[in-house]
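Two complexes come next, and they have one chain in common, chain A, joined by chain B in the first and chain C in the second.
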Partner chain A sequence: MHIVVCAKQIPDPETPPAAFKIDAATNKVIPAAGIAPVLSQFDGIAAEAALRIKEAKGGKVTVISLGAESAQAAIKQVLAMGADEGVLLKDAAFDDGDSYTTAKALAAAIKKLGDVDAVFCGRQAADWDMGQVGLLVAEELGWPVAIIAKGVEATDSGLKIQRVLADGFETVEMPLPAVVTVSNEFGDPRYPKLPQIMAAAKKTVTPWAAADLGLDAGSVGKAGARLQLQKLFIPEKSSKVELIAGDTPQEQAAALVAKLVADKTL
Partner chain B sequence: MANNILVVGELDGGAPSTTTLELLGGAQGLAAGGSVSVSLLGTGATAAAGQAAGAAKAYVSDDAAYDTFRGEQWLAAVQEAVTQSGANVVLIGQSVVGRELGPRLASRLGTAAAMDCVSVADAGGALQFTRPAYGGNALATYTIATSPAVATVRAKSFEPASGGGAGETVALPGAGESRVAVLGSEKAESTGLQIQDAAVVISGGRGLGAPEGFQQMEALAAAIGTDKAAVGASRAAVDLGWYPPSQQVGLTGKVVNPDLYIAVAISGASQHMAGCSGSKVIVAINRDKDANIFGFAKYGIVGDWKAVVPALIEELKKLK
Partner chain C sequence: MAESTNRPARPQRLVGAWWGPAVGLSALGFYASATLPADTPTREIYFNIPQGIWAVYVFMSALVGLLVYGFVRHSSLWSIGKPTPGVLRDVPQRLRNAIRLGMAQDKVRRDRYAGIMHWCIFSSIIVLTLVTAQVAIDADSPLDFLHGPYYLFFSFYGDLFGLIGLIGVGMALYRRYFAQMHRIRWDERLEDHLIIVGLGLVLLSGFFVEAARIMVTELEQHPDWARWSFGAFTLAKGLDVFGFEEHQLLSFHAAAWWFHVSMAFGWLGLIVFTRLDHIFFAPINAFFLRTDSPGRLAKIENIEEQEVFGVGFIQDFTWKQLFELDACVRCGRCTEVCPANISGQPLSPMHLIQDLKAHLANVGPAIAQHRHETGDAGREVSPVALIGDVIHDETLWACRTCGACVQECPVMIEHVPTIVDMRRYLVMSEARIPATAQAALENMEMRGHPWRGTALERTTWMEGLGEVPIFDGSQDYLYWVGCSGSLVERNLPITKAVFRLVKESGASFGVLGQEETCNGDPARRLGNEYLFQILAQQLVETFKAKNVQKVITNCPHCFNTFKNEYPQFDGNFEVIHHTEFLAGAMQTGALKATHAVNANVTYHDSCYLGRINGVYDAPRQILELVPGTNLTEMQRNLSKGLCCGAGGGNMWQEEVGERRVNHVRSEEAIGTGADQVISNCPFCIQMFEDGVPAIHPEEEGRMRPFDIAELLEKSVFGETVTAGEQSS
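Our next item is the complex of A and B:
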């Protein structure tokens, strides 16, 4: 089975809120000094799910990322985990796209690979938190899709997925080729060891531009985007905290309860 | 500008869900002379149309096959409702249904979806869709140039609709094929009050130090009353296996907007606050006076929860 993992490089979501800044003129996040971008957390988990299937059933895993040259690091991380090949979709024409143009380029790359049986994405990219690309790739390819998986298993006829619902879980089955988006309930991704990191560093990543995918530069990136970002801003915090004084926890607790009762909160 | 709005409704016990009524309320405000319609799928849909306040027309199918959500079946029906209603705006809840239907519907209609919106505003020109991004650190406002504009909307973003139900119903076809087969489902064994419905939510974090800490959170909830208070958790606590995933509050968990949210030993990461910052009053108990949570709280106690929580339980018991 040939599984493609879609992996996005993002600004570190654990950046302390104080270091999170936006350039209001360009509506872009100003990269925090000294904090390197990371592989979007859920994409590492999607890679783990793909690698476990490869280990159980054989086959190969290809990791694809659309992004800047720096996204090589995200690709190398998945290669170090055990993926076989890496592809970087890099072209100035891809810049400032939206979920739709990103999915369009990813789907074109998956078609170009030709023999793909399944695509594993993260449930959402941990920067924009849209949760669209996996579904849009499925629509572009015309494949069935199951989202927010906490378990993925290859069966004789396709994939068996355990999906997270609001109030429990659901088990679904679908034939290949298919798309899955994976959630944190799946479990943690493996940590690559040093020899694997060294081996991955030596691997060459295939670069594909829009033209290599048969995509017109006017149909991707900013030119092809359907969602127009008008404004990106940091919301104002309204709260001014009142710290409850008291010499003992008992005094503090009594003062807090008195305030909540006075406010009619309790 | 007048907008023709289709709300993709969901049924809850044979009636339009609370979120459906909220979306209809939002649609009433945004229609500005245009039409508001609703689609309802599954057992009892036709009867439920009469309770879909704010909608003039309901697109319905009572086919029980729709009771379990399967994306492909719902997509076909909703696409039909969009076409027939001539909608230029489609609103869906940010639910299991909306997360899947929003992007797929947009793709099939050659347009775009804005996901997890907290506000949809008419500022004169194109509708403005605002949603959290960067784990709740930022808000992003989008417009959608293509039609229809599709948006999934977070619970409690609008006031529920008032007025009578849909006067006219139009039949949608029954469910078609689905390549994805649902083999079975399992309800999380959450007894009693759901955290989304509770007036008071008490959440514990990694700072509890051990799963036993949640027994204290449950004791605190019991002191307030189990009919009012429920216990949630941060993702760090859930990932450690201390509390069930169904109780996780935050970006990748539940969104709660209670009257009172008590965060115990939770640092207040943006991804956690994304699930509770709409609470009326936040109380933070944390031993670190610089913890981010105090930036959101109305009241704070700086101290060890192990001392503060038992004292709080004693005080609350005195109220009864």
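Our next item is the complex of A and C:
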């Protein structure tokens, strides 16, 4: 089975709050000095899910990322975990796109690879947290999709997926080819073995531009985006403290409840 | 400096170089006797035992044959190991170690009772072997010297050391059979009884042989000669009251002689099959002992070209590491001081060494043969996995690399490199690693520090300190703050205190701020040598580019790594820990501790400053110079100090076992009655912050942990810079 893992490189979510800054003029995050971008957490988990299937059933795993040159590091990380090949979709034309244009480019790359049986995405990218790309890739490819999976298993006829629901789990079976988005409930990604890290370091990542994918520059990136970013800002946080009066804990509790009810919090 | 309270005296030589005077006196007596006429006091060698002479030579040849067999058998096992780099470097130092640690037994004496006991047995065996050798030479060579005053002296010291040996045996019997739950019984085997009872019988029977001979040939004829053999003489006097006939005495003498001689050789034969082999292996292992710092782990050279990382198979140890397994005497000293073991966690260094040894004996011969036949490493030969089956993962992870075991081991076994080698295999070859430790390693890879989820920046600590000079190569010192010093909330006051004090001392210094990265210590100790090398190389380059010459660290782990490990990467800097710098500044008068800090304190020696780098005095000097502080030492202190539990990457692991190490150590600190526990390491402070409340839940009267710099800051400035923040 040939599985594609879509892996996104994002600004480090653990950037200390004081170092997280936004350029109001361009509506962009200013990369924090000395803090390198990282692989989106859920994508490492998607890679783990793909690798476990490869180990159980054989086959091959290809990792694709759309992003800047720095995204090589994210690709290498998945290669070190055990993926076989890496593709970087890099083109100035892809800049400032949205979930839709990203999905479009990813889908085009997946079509170009040709023999793909399944696409694994993270449940959402840990920066924008849109949770759109996986669904949109499926749409572009015309494949079935199962989202927010906590278990993924290859069967003789396709995939058996355990999905996380608001109030429990459900198990679905789907034929191949298919798209799955994987959630953190799946488990932690593996720690790469050193021989694989070294092998990954030696592998070359295939670079594809929009033209390689047969995509018109006007249909991707900012030009093709359907989403308009109005304003990017850090919400002002203010806290007001009100001490609830009362002589005994009981009185204080009663006063607190009354207050919460009045505020319609309860 | 004056001695602090409760401070154990440095181990003292029991009897000094006892063998020096002994050899001198013997030579003198030998000379005197050789020049005397032959009718002076003497005795007939092989008296009453006509076949004695050939019997002794038969026994002797058997023993030599046995020893050679044993050596060949063992060495075929050691030889499956890898080469040991640098084992013949510093030969003079190695010879000194072999004498000091192997012969004079400095380590054995760290336990006083055992030291005396062992000295008694050891010296008795050596002297009695010399006595026997002299008898043989006198009998079978043209030399004839056992007569005259030397013979009398010879009789005297032969008896003396026979008696000393019996005292040693008595002490050993007491310890083994009457002392409750003693460490030497944690892995007791049949051979242990054979060795001690056997030796007792050899010595006792020796006295009986001599007594019987004296009764026949000297008691009446030459009582003045007999007196010199005071032990046997007393025994002879005692036996004399029974009024034995001469023929009875002669038969008894013959029987006792045969018993004595066969027991003695039999006992020596045990060397080949039991832990008595330490007679040879201990001094040899002392010779092989590393001559560089115990704080340095071996560098894997050309790591990118290796195929196997660390040790996952017994044959991947160096032959020296295999050799030392054979030296272990199962004394339990290592396990007795191991913080993991003390806390009921799944690690006993003694059992680890013994399990490795048993595994080597099990699979070693097959591996050696496979090697011989096919020339390949034979990693598939063993039916059981070294790591997982023989040594469990959790055992390896429980180690703090605190070095207490290495410090105590009387036969100079180095457990820490052996444990870390196996961790290297787990992490780099198998990627099998506890989740929290993995998170720390990943964090170091991704973010250049092990503190996952910190909200602090590397410059946060500078707030409220005015201008902080950035190191630009023109200053004398780089003040290295470290990840823990800048990214962990609790440690910021320490970082600030050190900064203020260094500044106050007038030293010219700067900091790196945002440009600091992890020095790699946690990665190396957790077994990720590859990551460590990347981080170390990077930092060495940064230091060189900035022309760093001298570094002040506030963390013993950074200190140790810079000082002992960076030279492996061509990074040679003068590294001092803040306790050394501050003590020095106080000595020169650059810093004055003027305000009284009225506190009863106890001092915790961090492993990497104390035991591993030998800095015990500087912090105690500071404590002494701060007015108003009163130091009460913990029972386990100085080189016997107990780890706080965080070392060896355990700062980032969940502990498994009955108790947590920091709870045990906090209990000991609280037990001194002090109201502050002072240390010198950000990890120790964090461990106490967590451990003290667990032991003392009530806030009222609870002991508080402080770095020594925080204490000194109060004394120098009257108040800490963070005092306002803390009270708000």
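Simple rule for what comes next: the second predicted complex is superposed on the first by the 239 of 266 C-alpha atoms of A that agree within 3 Å, B and C clash if a C-alpha of one lies under 4 Å from a C-alpha of the other, contacts with A are read in each partner's own complex, and residues count from 1 in each chain.
As a convention for this text, contacts are C-beta pairs under 8 Å (C-beta built on N, C-alpha and C of every residue); 3 or more make two chains touch, one makes a residue touch a chain.
All values reported here derive from a predicted model rather than from experimental measurement.
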First, second, both or neither for A:Pro17, with chain B first and chain C second: both
Which partner, chain B or chain C, touches more chain A residues: B
First, second, both or neither for A:Val164, with chain B first and chain C second: first
Touched partner set for A:Gly151, first chain B, second chain C, both or neither: neither
Which of chain B and chain C A:Leu194 touches, first, second, both or neither: second
Chain B versus chain C as contact partner of A:Gly59, first or second or both or neither: neither
Touched partner set for A:Pro31, first chain B, second chain C, both or neither: neither
Contacts of A:Pro207 with chain B and chain C, given as first, second, both or neither: neither
First (chain B), second (chain C), both or neither touched by A:Leu266: first
Chain A positions touched by chain B in one structure and by chain C in the second: 14, 17
Contact set on chain A toward chain C in their complex: 12, 14, 16-19, 33-36, 38, 188, 190-195, 197-198
Partner chain A, residues of chain B touching it in the complex: 71-72, 95-96, 99-100, 102-104, 106-108, 111-116, 128, 132-135, 137-146, 179-188, 190, 194, 200, 224, 235, 239, 245-246, 251-252, 254, 259-260, 269-271, 280-284, 289, 292, 294-304, 307-308, 310-312, 314-316, 318-319
Sites on chain A touched by chain B in the complex: 11, 13-14, 17, 20, 22, 29, 98-100, 123-124, 126-132, 135-136, 138-140, 144-148, 160, 164-175, 183-185, 226-235, 237, 239, 241-244, 248-250, 252-254, 256-257, 259-261, 263, 265-266
Chain A-touching residues of chain C, taken from the complex the two chains share: 304, 307, 309, 427-431, 433, 435, 438, 441-442, 446-447, 452-457, 460, 514-515, 530
